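A single structure is presented below for examination.
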Amino acid sequence: MSLNTFGHLFRVTTWGESHGPALGATVDGCPPGVPIDEAALQRWLDLRKPGQNKYTTQRREPDAVKILSGVFEGQTTGTPVQLMIENTDQRSKDYSEIAAKFRPGHADITYFQKYGIRDYRGGGRSSARETAARVAAGGLARAALAELAPGLHITGYMVQMGPQGIDRSRFDWDEIARNPFWCPDAEAAEGWADYLDGLRKSGDSVGAVIEVTARGVPAGLGAPIYGKLDTDLAAAMMSINAVKAVEIGEGMAAATLTGSENADEITMGPDGPVYSSNHAGGILGGISTGQDVVVRFAVKPTSSILTPRRTLTVSGEETEIVTKGRHDPCVGIRAVPVGEAMMACVILDHLLLHRGQVGANRGHIG
Amino acid sequence: MSLNTFGHLFRVTTWGESHGPALGATVDGCPPGVPIDEAALQRWLDLRKPGQNKYTTQRREPDAVKILSGVFEGQTTGTPVQLMIENTDQRSKDYSEIAAKFRPGHADITYFQKYGIRDYRGGGRSSARETAARVAAGGLARAALAELAPGLHITGYMVQMGPQGIDRSRFDWDEIARNPFWCPDAEAAEGWADYLDGLRKSGDSVGAVIEVTARGVPAGLGAPIYGKLDTDLAAAMMSINAVKAVEIGEGMAAATLTGSENADEITMGPDGPVYSSNHAGGILGGISTGQDVVVRFAVKPTSSILTPRRTLTVSGEETEIVTKGRHDPCVGIRAVPVGEAMMACVILDHLLLHRGQVGANRGHIG
Amino acid sequence: MSLNTFGHLFRVTTWGESHGPALGATVDGCPPGVPIDEAALQRWLDLRKPGQNKYTTQRREPDAVKILSGVFEGQTTGTPVQLMIENTDQRSKDYSEIAAKFRPGHADITYFQKYGIRDYRGGGRSSARETAARVAAGGLARAALAELAPGLHITGYMVQMGPQGIDRSRFDWDEIARNPFWCPDAEAAEGWADYLDGLRKSGDSVGAVIEVTARGVPAGLGAPIYGKLDTDLAAAMMSINAVKAVEIGEGMAAATLTGSENADEITMGPDGPVYSSNHAGGILGGISTGQDVVVRFAVKPTSSILTPRRTLTVSGEETEIVTKGRHDPCVGIRAVPVGEAMMACVILDHLLLHRGQVGANRGHIG
Amino acid sequence: MSLNTFGHLFRVTTWGESHGPALGATVDGCPPGVPIDEAALQRWLDLRKPGQNKYTTQRREPDAVKILSGVFEGQTTGTPVQLMIENTDQRSKDYSEIAAKFRPGHADITYFQKYGIRDYRGGGRSSARETAARVAAGGLARAALAELAPGLHITGYMVQMGPQGIDRSRFDWDEIARNPFWCPDAEAAEGWADYLDGLRKSGDSVGAVIEVTARGVPAGLGAPIYGKLDTDLAAAMMSINAVKAVEIGEGMAAATLTGSENADEITMGPDGPVYSSNHAGGILGGISTGQDVVVRFAVKPTSSILTPRRTLTVSGEETEIVTKGRHDPCVGIRAVPVGEAMMACVILDHLLLHRGQVGANRGHIG
């Protein structure tokens, strides 16, 4: 069984394989009256697009998104929005190497074990290309958020590449767009560039940690107990290819703190409660506090590398594999816009859930 | 809006507050013909029960589970199973301190902001007591798994308390049940005992990391893309009170590895593929590989501590709070059986999804 | 597999068997701040309660509903509301006749074929007793509607018993509560009384048609395409035991009309559009028009009758069966409050869906 | 809010407007390994295609379906199947008449009231053109059923046009494909032809009743209580444009029968239980009996007629409307393949639900 839909009210179903005619996202539940056109969505896809610099795969696709339904005279109608991206760079490649072998650390083997189908063309649904559809849907979510919550901003950035993390004291929001790694620390970015050059030459790859922050999230979003804001964010981020961990606020480090260190104290500000710190990552009991919502996720290194690895053929014989082709030494780079897109979808979904609530925001403090 | 149901086919809806008449779990989708009775469920609840040693809250409740429906002549009928636990220790406590104040780091404030209702009696749905219902439902899931996948074993244990982690070289499965911390490392457990004694006396609390391992999980479980096995496990664990991070396999550390270090090589064993290591935590592309499924989650320290903290009253005035009462210095201890229960529910759910699949396990290797 | 949950945002899960310890409804998604107590719910249950007159089963149960969660200080908190009804009249009856035989026209045989379990005690989940839980949940829905849509009224009544329909020219809303059949036509009610007396004496049963009207439903409710208001009403009514058909507005008779006869013309009234007629039953394109929402459903005669019928034993041998016991000659009578309850749940659910919509009711006419 | 997805495990999301670039169906949950290609789907679309004879709209579209994903080397892979139909006949028509006026009996007014958007181009999502996507998805469901339940056959036919019903004694399965009305009674078909000629000339329209029969459905399908087979069929059929009533088996007539007349007696046949009649329509307690599953639904006459009708303009002024254009005098004709498609989707969905059930079909009789 497959479950390709995400969200409660803003429901995104992604579809399509990397080497079929097209892929896309069917978005149901988008509010009516949201101004949108293809150019506005394309802006986000272009950020994710591979082949933009030497650190990402050289597969070059225009990744042009088409709106097939749900928009009339420049605004959404409240009916399903179909976003399609045609695959144009399906070069008749030599698949003989991977067609008959399972790449270690890749979903090749489990998809075969589950479905009994060997769609060797680039990984099918397990390809990172599926995330293009998420970015398109995320663009629509952002357009809706711009209408519903104008002060809300979502920004993703990389905080660690391999063993090298950023220095938080050098954190600069404006730096993020200036380097190819979405890194808020210019100095760290330089170190990463050198490191990645070396990796690329050796045909190896490396993991990364991405952080996504949503500023301006109103208090009260989240649907306890099993639709908590952090629960849905954890699911959203973990569903991205190659993600192996998700943290909210203090994350794993929360385990090392005492209660007196961890709890964010509350005082009264001009516009409501003010917190002394944000260990909580903007979420208490699964509900937003009004502080920044902060999520991090770890992306493992891609398993498509030039180093020979032991593996099996489809018929179960032991062999070795070397994965040639156009792959990313650090797929985490391209995961940044994807993380932003998932954050946008989750926040919009919970904003819609919250709006429907009778007595929403009745609990005014001060 | 609240969303109190978890699962696709094995659907658990927990209900009830810590200080109402009762709480429980409505379980829909349990297969028929599973042998079950109250004693079998009680066994798991007794493990979670507070007041068992000096390291957990002294609130003493029998936590006796009753089966109200869905079972006839000792086996499930395929209809909803209602599991109820009556609250018996609702002592008429002095709530005056917390009734008018929000505990920092607690869901008090966000529940009020969301619902406009101040149910000050022990936290309502945000109380850890909700997890008793999960443990009961998890007991039912285990009973079903015992029928469907006899060789499958789920074990939870604590691998870190505050700053002190276990030494993996001393890992001993048999040790887990021997100490009050579910710790697989006897030496670490001794250190934790001392550390926790100190914390308890000072009225403070501390976080922890729990790991849950499922052995004997068949290959092929998981429903890509948004119902991946790891996606659902991330949601399951993040939905537990006080959890701030979830890791699969290598987890956050995957970010630090290279592709050649991280990918688990595959060779052929007598019963199918054998992996050289388990960085993946038993899941590739969201689908189980047949290796151990390994999940970790971080539990933050409870915010109910004796140290005075700045906070607000319900009417928005600044004040200080000291939370007296029967609280746990390390709530992570009691999260161990809860993590096991969530693992059992997720695995059973995916086993049921997989069984319905046409051509399930067609992809036989070797 | 069983699916015991109904609704999108106002989600009702009914549970329990007629002869177990209890049955009830787990209601998730009820808005916070709705005034409710057990007495307010009991009022609706008492209307449905059997044994009130000679035309319904003489099984006498107090059917006392208890609120176990989700209500604090007289109002809902936004968390799940657990409504429990204990079974008290489980007399140790002689089941030998039906324990080994399948009642023709009854779910006995299909439940056994599906689940492999023979819960002969009164039909288990297929018993009409399950509808008590619906009525309780419907009472909660009505309480929420009283807050959200004060002018909205839901009324059910019987329009046909066996071959005898009402005369619409004698329709009197006030008459409905005056006779044991919820009949709006006093004269028809008299005829039915005589007819039913005869049936009861002969040990036979008969079908009926119930109509439920919701007045004061705002325009705009309904979620096209597969959550249309009429789609959800059809599912709601068809899910009631013994229902074999559902009609909206003109219903089956719409097939016999021409387009010029069927379309309701529109003129402008002081408060918005006014329709010349209501063939549509208050729903166009799955969305409410603001007219009365009118639903009818046919209830088949109960199969538990004294007339001997050919059937099989559980082991497949041919036999005859006579169903003694406390059964209703016209179960349709007790279906009236159930139909009202389902209407209340569906309307509330769609009101909540609609409230969350951005730009809801933007399309103001005139 | 809109809800454009139907089904539990076999989930169909239809999307697209009649006058946008394309429409289609995103099908998630289709089993892997089902042989399918575009030609196999096209066969069903061609049956539904308008413009085939003088009794249906003269809008001529090739309605060519494309498979964009989920199929590899001629069989489904278990991933989402995207079925797209491009709109080719979007002639630049004069919409001035309907752009500013609401058609009585049409969803024009309610869509505007709900969404605040006036998509006047042919009705948008409320257009019958949406049903092309259902037929495509139904084709895929049939292909899966051909693999899973080879002896299962689904046939739709018209049993009433306006006031004229068929004579059941002349029922001939082979006749259905021979006349333009899918009528199993050749004599009735002739009468309908004359009647419809007259209606078409006068610019009026008429309703119809469609019956769909599924033969060879195994016993045990259906998921009580709110996912009963008849509940889901009622929702499926009621969600089709213009449908105002749904009947199972005896339908509304069940109300007129006594218990001794209505219950189908059971005897033992060589392959299991045999029923003396089929008043139940193949469903007891929401679960299939193994008999023919029989559903009927009433289609109202289209409101797009030449007769002048009173209505409002978008700005609320009273006016008259005459709907010119390419419309069907009896839209019920084109609803036949749509009803078949919905039956196929529902049966497949329940077959998949049932397969996953532990102990499915354990209840063997005889």
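A, B, C and D label the chains in the order they appear, each numbered from 1.
Throughout what follows, a residue touches a chain if its C-beta (ideal position, glycine included) is under 8 Å from a C-beta of that chain, and two chains touch if they have at least 3 such contacts.
Worth saying up front: this structure is predicted, and the values here are computed from it rather than measured.
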item: Distance in touch steps, counted as few as possible, from chain A out to chain D; value: 1
item: Pair of chains joined by more contacts [C-beta pairs], B-D or A-B; value: A-B
item: Rounded Å distance between chain A and chain B, as computed from the means of their C-alpha atoms; value: 26
item: Whole-Å gap separating chain B and chain C, where each centre is the average of the chain's CA atoms; value: 39
item: Centroid distance [mean C-alpha coordinates] between chain D and chain B, Å; value: 45
item: Shared-contact residues (touching 2 or more other chains) in chain C; value: 1-5, 9, 14, 32-33, 78-79, 114-117, 125, 224, 352-354, 356-357, 359, 362
item: Residues of chain A defined as touching chain D within the complex; value: 1-5, 9, 11, 13-17, 20-24, 26, 28-29, 32-33, 66, 68-70, 72, 75, 77-82, 84, 114-117, 119, 121, 124-125, 352
item: Touch list for chain C against partner chain D, complex; value: 1-6, 8, 14, 102-107, 109-118, 125-126, 130, 160-163, 199, 204-209, 219-220, 222-228, 230-235, 237-239, 241, 244-268, 272-273, 276, 279-281, 283-290, 298-305, 307, 309-312, 314-318, 332, 353-354, 356-357, 359-363, 365-366
item: Chain D contact footprint on chain B (complex, rising order); value: 9, 31-34, 78-79, 144, 147-148, 224, 352-359, 362
